[in-house]
Every structure is written in structure tokens, then in C-alpha cells.
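Heads up, the next two complexes both have chain A, just with different partners, chain B and then chain C.
On to the complex of A and B.
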């Protein structure tokens, strides 16, 4: 009986260690439990007109931002922030790919994305696609996007403006508000990327 | 054979016991926990007693809260979706309630907001924040969690949730 209880206790202690290690990891990354809650597979078209899927970015740390090239305010500011943060990453810069996914595929063709993104940095990938493919990407990243007519007969987009960090396995790691400054973003990225 | 079987069974029992005893704490300790109903109830009472006289019974704030009054002081802002409380992290909201606005306010901003540090306990301040957050639409609750430097937890949000449209340029022009 004593031996039996000892074995029960051994199992208890082993499981306890495993759980504590898991909890410590969760605390360290802050987000281990959000896996699968934010982000998911996508199949879109890059700024060079090539079809790409989320699998093509495996092995890369991703900073993903949804916006549109006609955006007068939040999008260029956020892309600027991402570009400046990447400039401050040092050796870890080589591990990171910034991705801009358009919420306005009607106007943001591959060619439009290519010329728009050139000013923010050499690493930027722009993604567009069919209305359905973009809507699906918006859904998995919980992005709100809606057209809003302007007096000149054109339209603006109301949209969520959030930065997502995905790890090399494609798992969601962290979110940042678009007001984050480049130095803070760079420091957070440095601490997230081992 | 029987001995080995017993050992595995005993080991398994130990693991199950550990799971039952520890798992609730593990899942709660990893990131900011979801809003607890008991906190919301307590927070509602405290809000009514300490906050509602200026910030409004329905969290609507005082009129023209975004510009100074005749005395040069800014009126109390709303805490509902029309304000910008949801654009501050829990840490910032805690500081604002405990020590008034001056850690974050722009120079020259004058406010009648008291410092509640001696009046309210930290737990009571947390309850008030939980109550305020519980009144927001899910999109704002999600966005506010993005701001928490201690970690983000989206798991308890209902399926299909979206972030709010924080980029609405036409609304400002």
C-alpha cells in the first residue's frame, strides 16, 4: 500500500512539474493559450502577382497589418512604425517579414501594393486576393472592414487597425495597438524573438 | 505483470489528481482572466457610490467633456463606447483611479478627478474596472486587451468577434 501511494505521489509530482512548466511558458510569452484563436491559413496574391499561402511564410516571424493604400492616416503611420521598428532589430531583422494585407482588394491590386509598399522598406510583402479570400483572412484575424461613401463619389474604409505578431510556426504570439512607437515595438519584438 | 499494471494505474491516478487540483489555477494564472460576474456586481455598486456622480449613472460622462469648462477644468469623460476609456490598459485605468490623471494627462490638463488610493482598495478598483469593461461591446473589450502589457487573452470572447474600426478617418474630417 505504501509503495502504491508512493507511485501515486510520483505521478502527482511529475504532472505538477509539467503543469508549472506549461504555466511558466504561458506567462513568459503571455499568449501561449491564444493559439488558434487569432490567425489561420490563407491563400492570397502577393505584390508580384504570385499566389501565396500561409505555408509559404512558415519559418518566418510575421508582423501582419490589415489596411488599404488609399488610407490617409492610420495605415501609413502603422506601416511606418513597422518599418522603423524593423530597422532597429539588428541581427533579428533577418528573421522577420512584415505583411500588409489589403482590406480593399478592388483598388489594391498587386501592382498598386508593390509601388505603395516600396517606400516603407525592402522586406514588406503586400497581399491581395478575391473578395472571398480577403473576407476569410479578415475573419480569422478578427478584422472589421466596411466601405463608407465619401462626398466625391468615392469611398473610404472603416477598419480595425491592429498589429499582429505570428511566430515561425504561424501561431499568434501578440497584438499591438497602432499607436505603439517604433522603439517600443522593436524592443517587444526583440524580447519575443529568441 | 499485475505489479506493473498497478504501478501505471497509480502513476496515472497521481497525474489525474494533479490535473484536478492544479489545472484551474494554471489556466487562470497564464494571462489576464476574463471578467468575473462577482467582480462586475461589486464594481457596479462601487461605481454607483464613487464614480456615477461625475461620470454618469449610465457611464455617459459630463457634457462637452472634451474641452475645458469655464473654470479651466476638464469635465468628467464618459466610460461607455463614446469615450476613450477602452483605449487605456487595465494598468493605466488603475493608475487613473488610484492617483488621478496626472501620470498620463497632457501638460496643462486640469481635472477634478480625485485620487482614490486611500479610499478604495486595489481589489475594489479592479472591480470598478471590471464593471466598466462589462458594459462595452465585445469589439472594444477585445481592443482594450491588446493594450495590456501583461499579456492578452482572447479565449473567452464569443465566436465571430471583431476588433473595432479604430481607423475611421472620415469621422474626424
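On to the complex of A and C.
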């Protein structure tokens, strides 16, 4: 009988571990889709050099993407997708603010972000900050970012490349893979935004 | 008897493959060669293109006068993390179009000498194992183009346009 109980207990503990590991994995990769898990308060500096917090964006639907301006492929493509999707939102576009949060604050100053984002459209907000403030924002959104050096003595960033949609209360609603096309993203946003 | 039937199949397969070998003389065809306009002061960019080859070939390198370096790269998602990794070669299978496209294979240009503006074109040379050097012209696409999506195929870099297909410099 005790052997039976032991087996059951071991099984239960193993199942719990598996569940926790699965949850941690989901969080780490930014694919957790239970609302409320992803996102939270942040205090950063916008592209105009002003200090802003997550509270300043209450009341807005946010599309948040973490990236860096030296990124040749994923970031310009993802930001272009967000911009073109917003253009297809009709009346709902007025409710949406796209936010680009840098994972490379050393190179992406407010001024760099300002000129970079101007190419994507006037509604884009760029956020930078101290290493600590950016690390904290990354943690809040379960974003992974790491430098890797390149042969020319510079560096690239490995990073989670995910679009996060937050509702006007600042609650996580959905996320999308970076390869989503503008029309699909626009349709998903239209159905999410009442 | 069994062997005979196997041989017959082999013969049939060979016959079916013949047109493929005939294609080998067609060489390399490169289309849809484009790059995003560079946002702000960005000095890195990616070039995208589609390669068709009549024979199995390999892209070994790329070069352009407009940047300090051009290298073959792949963007791979590993557990939701985008990793940019250099690759030393890209194999092209005969008759199968190979697409360098956003969020996949691309030619990364580092330290551009000048920003890329929509409508610009610039030269790029690909080095193939068998076909040798093939020069192409890269069209610069506008970011967040507000044209209706139906016009996509008419946009620079999106369709095949004269001057964008490969010119074989080795000949």
C-alpha cells in the first residue's frame, strides 16, 4: 500500500514539475497566452527624451515590439508590418499606439530612436532607458535578449521577436509571431478591438 | 524478376529526370532583388532575392561596393528567440526556387556607406560555386508603403522587372 502511495506521490510531483517547466518555458519564449502573465509596469524614456511610464499609455491599445535599430532583418520587417496593419484599421487606428522598446540602449538613444521610427510613421513611440530599466521591461514581457559579437568587432543581438497586444487597461491580450503579414495582423486587431 | 521490375523503375525515373539535366544549360536566374529603405541612421540592412538554377549550385559569398561587408545570414527562431547567424554557404537545388526573404535567409550588409532611399538601386554580386560571379541590381523598397496591397506586385522589388534578373558576368 505504501509502495502504491509512493508511486502516486512521485507521479504527482513529476507532473507538477512538468507543468511548472512548461509554464516557465512558455514565459521565457514570450508565448504565454494566459492574459495577465505578460507585461506590467515600466518606467522608460521616450524618443523625445521624456520620462514615461506604463500608466501614460492607459486607455490606448498597444502593439509592443522589442528590437534594436542595428537589426537588419526582423525589426524593420516587423515594424513595417505593424505600420501597414495600422493603416488598414479604419476608424480603430486612432485607438492604437505602436511601441518599439529597444533591447540595445547603449546604441539606441532617444535621438537615434526618434529618427529611426520617423521612417515607420508618426504614431510610433520609441522607448529606451538605463540598462536596468530596459532589463526590467524585458523581464516584464518575458523578452530574451543577448549580445553576440560579430567578426568586425561590433555586435548583434539575439532576441525574442514577438508582437504583444495590450488592451487599454494595460492587460496582455494576445501576441503574434514576427512573420505575420500586415493584412492578417490588421484583421486580428480588428476583431480584438471592440 | 523482381530485379527486372526494379531496373524498369530506375529506367523510368531516369527518363523523367532527363528534362532536368537539360535545364542545366539555362544557368542562374535571380529575381525579386530588394532591400528595405534604411530607417533613420541605420547602417545595417538585409538584401532579399530569389534564385533559380538549372543545376545544383551553391552560393558562397556576396559583395557590394555600397557597404563595408556583405555576408550570408539566416534568421532562425530558436524557442521564440530570433538569432542572426552567419552561414558559409547556401545550397541551391536545380529547378527549385530558393527564396532569401524576411525572417529567413538574407544577405546582410553592414556599415552602409550611405542610407538607402526608396527607389534607389545598387549593385550586388553573388559568388556561386559553379556559375561563378553573378551581378544583380537591388531595388530599394519604401517602408510602410501606403499603397493598397493590390498594388504590391507593381512595387519596386516585388515583381520581376527589367534589369533585376541576373546578368552572368562570368560569360
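Here is the rule we use: the second predicted complex is superposed on the first by the 160 of 194 C-alpha atoms of A that agree within 3 Å, B and C clash if a C-alpha of one lies under 4 Å from a C-alpha of the other, contacts with A are read in each partner's own complex, and residues count from 1 in each chain.
Heads up, the rule we're going with is that a residue touches a chain if its C-beta (ideal position, glycine included) is under 8 Å from a C-beta of that chain, and two chains touch if they have at least 3 such contacts.
Owing to the predicted nature of the structure, the values given are computational and were not obtained by experimental measurement.
Undergrad: Check whether A:159 is in contact with chain B, with chain C, with both or with neither, and answer first, second, both or neither.
TA: both
Undergrad: Pick one for A:47: touches chain B only (first), chain C only (second), both, or neither.
TA: A:47 sits against neither chain B nor chain C.
Undergrad: Between chain B (first) and chain C (second), which, if any, makes contact with A:102: first, second, both or neither?
TA: neither
Undergrad: Can A:37 be said to touch chain B (first), chain C (second), both, or neither?
TA: first
Undergrad: When the two structures are overlaid on chain A, which partner does A:117 contact: first (chain B), second (chain C), both, or neither?
TA: Only chain C is touched by A:117; chain B is not.
Undergrad: Name the contact category of A:128: first (chain B only), second (chain C only), both, or neither.
TA: Neither: A:128 stays clear of chain B and chain C.
Undergrad: A:176 contacts which: chain B (first), chain C (second), both, neither?
TA: Once the two structures are laid over each other on A, A:176 reaches chain B alone.
Undergrad: For chain A, what residues appear in both contact lists, the one with chain B and the one with chain C?
TA: 30-31, 71-74, 144, 150, 156, 158-162, 177-178
Undergrad: Taking the touch rule as given, give the residues of chain B at its contact with chain A in the complex, in rising order.
TA: For this pair, the touching residues of chain B are 6-7, 10-15, 17-19, 22-23, 26-27, 29-31, 87, 139, 142-143, 145-147, 150-155, 160-171.
Undergrad: Could you pull out which chain C residues touch chain A in their complex?
TA: So the residues of chain C touching chain A come out as 36-46, 68-69, 73, 75, 77, 79-84, 102-103, 106, 108-111, 143-146, 149.
Undergrad: For chain A, which residues count as touching chain C in their complex?
TA: 25, 28-31, 69-74, 76-77, 79-80, 83-84, 87, 112-121, 144, 150, 152, 154, 156, 158-162, 177-179, 182-183
Undergrad: Give the list of chain A residues in touch with chain B in this complex.
TA: 4-5, 7-16, 19-20, 22-23, 26-27, 30-34, 37-38, 67, 71-75, 139, 142-146, 148, 150, 156-162, 174-178
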